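Chain lettering (A, B, C, D and E) follows the sequence in which the chains are written, and residue indices restart at 1 in each chain.
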Amino acid sequence: MAWLGPEEWRAVALSLQVSLWATLLSLPLGILTAYALARWQFPGKQLLNGIVHLPLILPPVATGYLLLLGFGTRGPIGGVLEDFGIVLAFRWTGAALAAGVMAFPLMVRAIRLSIEAVDPKLEQASATLGASPPWVFLTITLPMALPGIIAGAILAFAKAMGEFGATITFVSNIPGQTRTIASAIHAFLQVPGGEDAALRLVLVSVVVAMAALLLSELIGRRVAARVGGK
Amino acid sequence: MLEVALRHDFADFTLDARFEAPAGITILFGRSGSGKSTVVNIAAGLLRPDAGKITSGGRVLLDTRNGVCLPPHRRRLGYIFQEGRLFPHLTVRQNLRYGAWFAPRGAAREESGRVVELLGIGHLLDRRPGALSGGEKQRVAIGRALLSAPQLILADEPLAALDEARKSGILPYFERLRDEVSVPILYVSHSASEVARLATSVVALEAGRIVRQGSAAEVLSDPSVLPAGAREAGAVLTARVLRHHADGLTELAAGGVPLFLPRLAQAPGSEMRLRVAAHDVILSRDRPEGLSALNILPGTIAELRPGDGPGAIVALDTPAGRLLARITRRSAAALGLAQGGSAHAVIKAVSIAPADIGAGPRAGETRDLIPE
Amino acid sequence: APLAAGQITVFAAASLATALEEIEAGFEAQQGHDLVVSLAGSSMLARQIEHGAPADVFISANSDWMDRLAAEGLIAERTRFDLLGNEIVLIARGGTARRVALDATLDLGELLNGGRLAMALVDAVPAGIYGKAALERLGLWDDIADRVAQTDNVRAALALVATGEAPLGIVYATDARAAPEVSVIGRFPAGNHPPIVYPAAALARRDTPETRAFLDYLRGPQARAAFEAQGFTMATR
Amino acid sequence: MLEVALRHDFADFTLDARFEAPAGITILFGRSGSGKSTVVNIAAGLLRPDAGKITSGGRVLLDTRNGVCLPPHRRRLGYIFQEGRLFPHLTVRQNLRYGAWFAPRGAAREESGRVVELLGIGHLLDRRPGALSGGEKQRVAIGRALLSAPQLILADEPLAALDEARKSGILPYFERLRDEVSVPILYVSHSASEVARLATSVVALEAGRIVRQGSAAEVLSDPSVLPAGAREAGAVLTARVLRHHADGLTELAAGGVPLFLPRLAQAPGSEMRLRVAAHDVILSRDRPEGLSALNILPGTIAELRPGDGPGAIVALDTPAGRLLARITRRSAAALGLAQGGSAHAVIKAVSIAPADIGAGPRAGETRDLIPE
Amino acid sequence: MAWLGPEEWRAVALSLQVSLWATLLSLPLGILTAYALARWQFPGKQLLNGIVHLPLILPPVATGYLLLLGFGTRGPIGGVLEDFGIVLAFRWTGAALAAGVMAFPLMVRAIRLSIEAVDPKLEQASATLGASPPWVFLTITLPMALPGIIAGAILAFAKAMGEFGATITFVSNIPGQTRTIASAIHAFLQVPGGEDAALRLVLVSVVVAMAALLLSELIGRRVAARVGGK
């Protein structure tokens, strides 16, 4: 595709990288959170549910600002992480964090529903066969909830591809480092005559996200058929 | 040996039970809501009772007084559920292997080939549960429980969801289990046929309390503890297959008396259990002649127990064992039946339902291995 | 964490995008350093710098944010200078619009004819702040205060006029040149509002030969050509 | 009157059936997979057949040749599903009213108070389906179907999901339906008891084809068309309640001969149907004496049909009607039974299962209204 | 709460108004779309699914720009609407449109799942009782899917409360007309020293959204109990 310049290609590649990592890294936490919300009763459950939904509710810029306060080099968490050599602020890793946080509620909702649909009687059966709770989870709950987990992950990926407000606020818009497709679109829209380039990038992100959605429908259907028997 | 002593209160139900289950099948018998599933679920660790103690082969599974309550996965169970509960995302083979995976290394375990053969599920191994019929599912569920190297097998109405044909296809597997597997099996049922065919011992529950405990023959002969009352009363006879006749009948010997039944599958020499329902037995003062019924057993009236309806239960000691007959009080009077008197029991060959005929050691006796 | 030697990261107000693109190419060719330009609103950039963003040079679209960073000791005061000036103008859609005199006699309400006046956020974004100040000075603000559609940034205000959603808008002269659909129908006299300046400075911890070289380059003839091509005026010190 | 003619192909199953269902209950009878549900679903409009025509009381519901296929909601049905399918978000009252809502203004409709009373669900009206037992659910489902002012009632194994006790609680309601409701009822079953008690006429299906069509007595006497074979063979007698005796027995008159059964609920004068299973009948050459069985009916052997096993079916014409007896061929030979010869049928009072005793007009006769 | 000035209060009230209308007006279309995706097979189904998800995928500013092009006074749709007296540009109605569009994918996903969970056998039963397809939908499908519909609506409401990018691009930021909480937060974050005011508004939107979420859990549970029997 000759119509994308090298800068744009870098943005596309970076977006894919950021979204992929955001999705993969948040998946375990997403599954754990969804499981806790679906199956456990504990004080503060509603609070956890609310916090998970926060990024959906807050203006993305506010979320980005909160991330900057917490995970920036001077933030309490960012400082600790930096001692371990993990720098998030103004790196693509930070873009992944921002995208992951913004996509988290969508992921958790989808996974929670699919976990709630797993029959607890099968989990009991597994326990009577000698499986301890973690094994019950790994061998029964997780595989049975797979269609929803995949759907949730791909939805999160699509959302991460489009995330902009929190990302630019938290990690700025540094070409090759944190300039994702969405940031690039935004930048192009600021420049006189940048509309064409912006449109091209919009197309790219639509195509990628649509492909992801289609894939999720397909995988979901196939896995559901397997889990449902046959 | 499984030893159980429990107390548990639900909103409007109290369970208070103490019993022992030896090797073989102990059937928990009782009407709906009598607490059978509650007992089994407590034994499985799925429900924690208010108070109680359970030991299985000497291992303490539960002891509320000392705060012991092993979680299900540490009880070494094989639980066969009414609905199978096979894992739909695993193949039959993987379902069968599932429990073995978690069994302790050194555990004495059934050889999987033997179990697969015992249950006749060899051709299903690569299918998924979704592609099995109800009866096949249940056989796989039995296999799965067996192969988890259990020290206690629990089965909660494993046949209730199946129709008659499928039930009779699976009962023989439980008979084999009883005779070939050495761990105690706690089996919930409200079917007199199942009790008659399977039970090594029976625990009859009624509203959370044990009202009777003993051999199948003892329990089934007491209408007062039967869920369906007198309609289910019957005797359990044991007999040995003598020979198969050319006209399609099988001759059995029961205490020296011949019994004729429509052809059985078992080879001559096999030990059988028959349930003879009390309402299928006609009594005659004298030996009747010219009747189409083939089996006529002389006996002595051991007991004559009037029921609450128009009926009475007559216990007749015959050479084949004690038989029960449910007749009207009017007939009893007309025939002048009385305790100590003699009478003949008339049983049609075809009136014993196939579901009531099973292979197995003597009812109420301790297990003794019979190779097939 | 400092970036690789020879790399200079510039945090610049988004309105400088086009000019900086040209300057980046020229500077890299001349000096051999790698220039990385991160564009966003001045406020966001400033706040990120407060939180440790790896910027070497900051070019703000107004003095306030630069002042704030200066107060926090984050910039090398000695390197600070006012780089550019700009004008704010009144624009309308179409090339044939008549010009108007921007003075106290102007009936903006009539010009708007029931429509909206597009401006950047009048209390937050520099272009909006300047525009509001100018209208206040002319005594026009109160009449049209409730007719103003405020946007996130100047470009969005420009877009509202370009698409015809708003009949008039107030934007930088530089922006007005970029949209062929709009034409300038009035220029606000410079004395009417605080001077529009784009200050530039190196960050305190990055006061190095490389950043100084870049700041010098910004003042040089090639940069001047690029800025003026976009309609900026060079700030006179 | 419902007239049905259908042809439909599934991957490996072909349905090809043509029958008529008069007012009263027409039972579709056949083993699992014989195509019963397929017929009902086509009649309901839930499945469109390859070819066929269905008219109900003259209205064309389906006529593939002329491209007519009314959608379900325009067929004026009352469909009683096996699983009830009550609407969980509505109360019982709302469920009952649901169909009436959509019925045409002027439609002749059952009076809801009468239906509620008929089904004994008055005390349930304000509950939701989740709070009903299985039997109650099914009764409400029947009421719901009735109250939609249907011109055709369909019922697909409406009792299959219920246990014996609940089944026998609901059968009487279907008997009343048959006798008091004037629209045809197409009823799927594979239970001989249900056929015996309910059928006005029976359509026996086998592998998609109709193998027999006639009255309950005719169809049930032919083991070759019975799903479970000879075990289900039996006769259907009609009898009238004469009086209730003090010793708990009820005396009935069947063609002038007295029959004794354990106490029935019906008042003297009520017409009853009894299914007498062939395996419960003992034959005797001469009138036996000194037997506990109360019912001994003399008769003439109309037919002697050897079965494939050791058994034979003997049809005996008695004053009470034709009885069937399943006996061993050995006995038949020993007794020298032959067509035209005479014999006595021996039937124990208690051996007729309660499930086999029902109220109702003569089997195989056209409907005649009996007010209760 | 004396700590909010009258301007802020207006923003809060406006946000509630905008989000409420956005949710209520998009609900019928959301239910219809969810129903079509759950129950119908038609060519272009995957395309529809993709379009519904677009606002989730695109940077909000791009969505806002597309809205401007389509629904602005000069846009093809906006022009037609204006002939009917419906003006969206620079009105709170336009803010509601933007918020509704952005929240639409979330709403549709939740409702689709709950419709898929309704047993088609009950719908068949309803048809045999004489209910035509629209009546089946109204009397069976809709009430049975109610918990999911409520959850979807409240999620959409929460999302609408936080929407900013598309709103400001489409209808700009006019105090009292289109200045929602999110726009106000954004504006405050642009001025030195505006952090405190921004934080107060963040708190307000968190409280409102949390309350909505809690409510949705409660209603969902109550309705589910009713639908599930008892």
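Operating definition for what follows: contacts are C-beta pairs under 8 Å (C-beta built on N, C-alpha and C of every residue); 3 or more make two chains touch, one makes a residue touch a chain.
Not measured: the values here are computed from a predicted model.
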Number of steps on the shortest touching-chain route linking chain C and chain D: 2
Between chain D and chain A, distance of the C-alpha-averaged centres to the nearest whole Å: 61
Inter-centroid spacing, chain B versus chain A (mean Cα positions, whole Å): 56
Distance from chain E to chain A - Cα centre to Cα centre, in angstrom: 21
Rounded Å distance between chain A and chain C, as computed from the means of their C-alpha atoms: 35
Chain C, residues touching no fewer than two other chains: 44, 47
In chain A, residues with contacts to at least two other chains: 65, 189
Those chain pairs that satisfy the touch definition: A-B, A-C, A-E, B-D, C-E, D-E
Residue ranges of chain C in contact with chain A within the complex: 1, 9, 11, 14-15, 17-18, 36-40, 44-45, 47-48, 51-54, 153, 155, 175, 177-179
Residues of chain A that touch chain C when the two form their complex: 65, 68-69, 72-75, 87, 89-90, 168-169, 172-179, 187, 189-194
Contact set on chain E toward chain A in their complex: 46, 49-50, 53-54, 56-62, 65, 106, 109-110, 113, 155, 158-159, 161-165, 181-182, 185-186, 189, 198, 202, 205-206, 209-210, 213-214, 217
Footprint of chain E on chain D - complex, ascending: 44-46, 71-79, 81, 83, 85, 87-89, 98-99, 101-103, 128-131, 144-145, 148, 154
Residue ranges of chain E in contact with chain D within the complex: 121-122, 124-133, 135-136, 139-140, 143-144, 146, 226-230
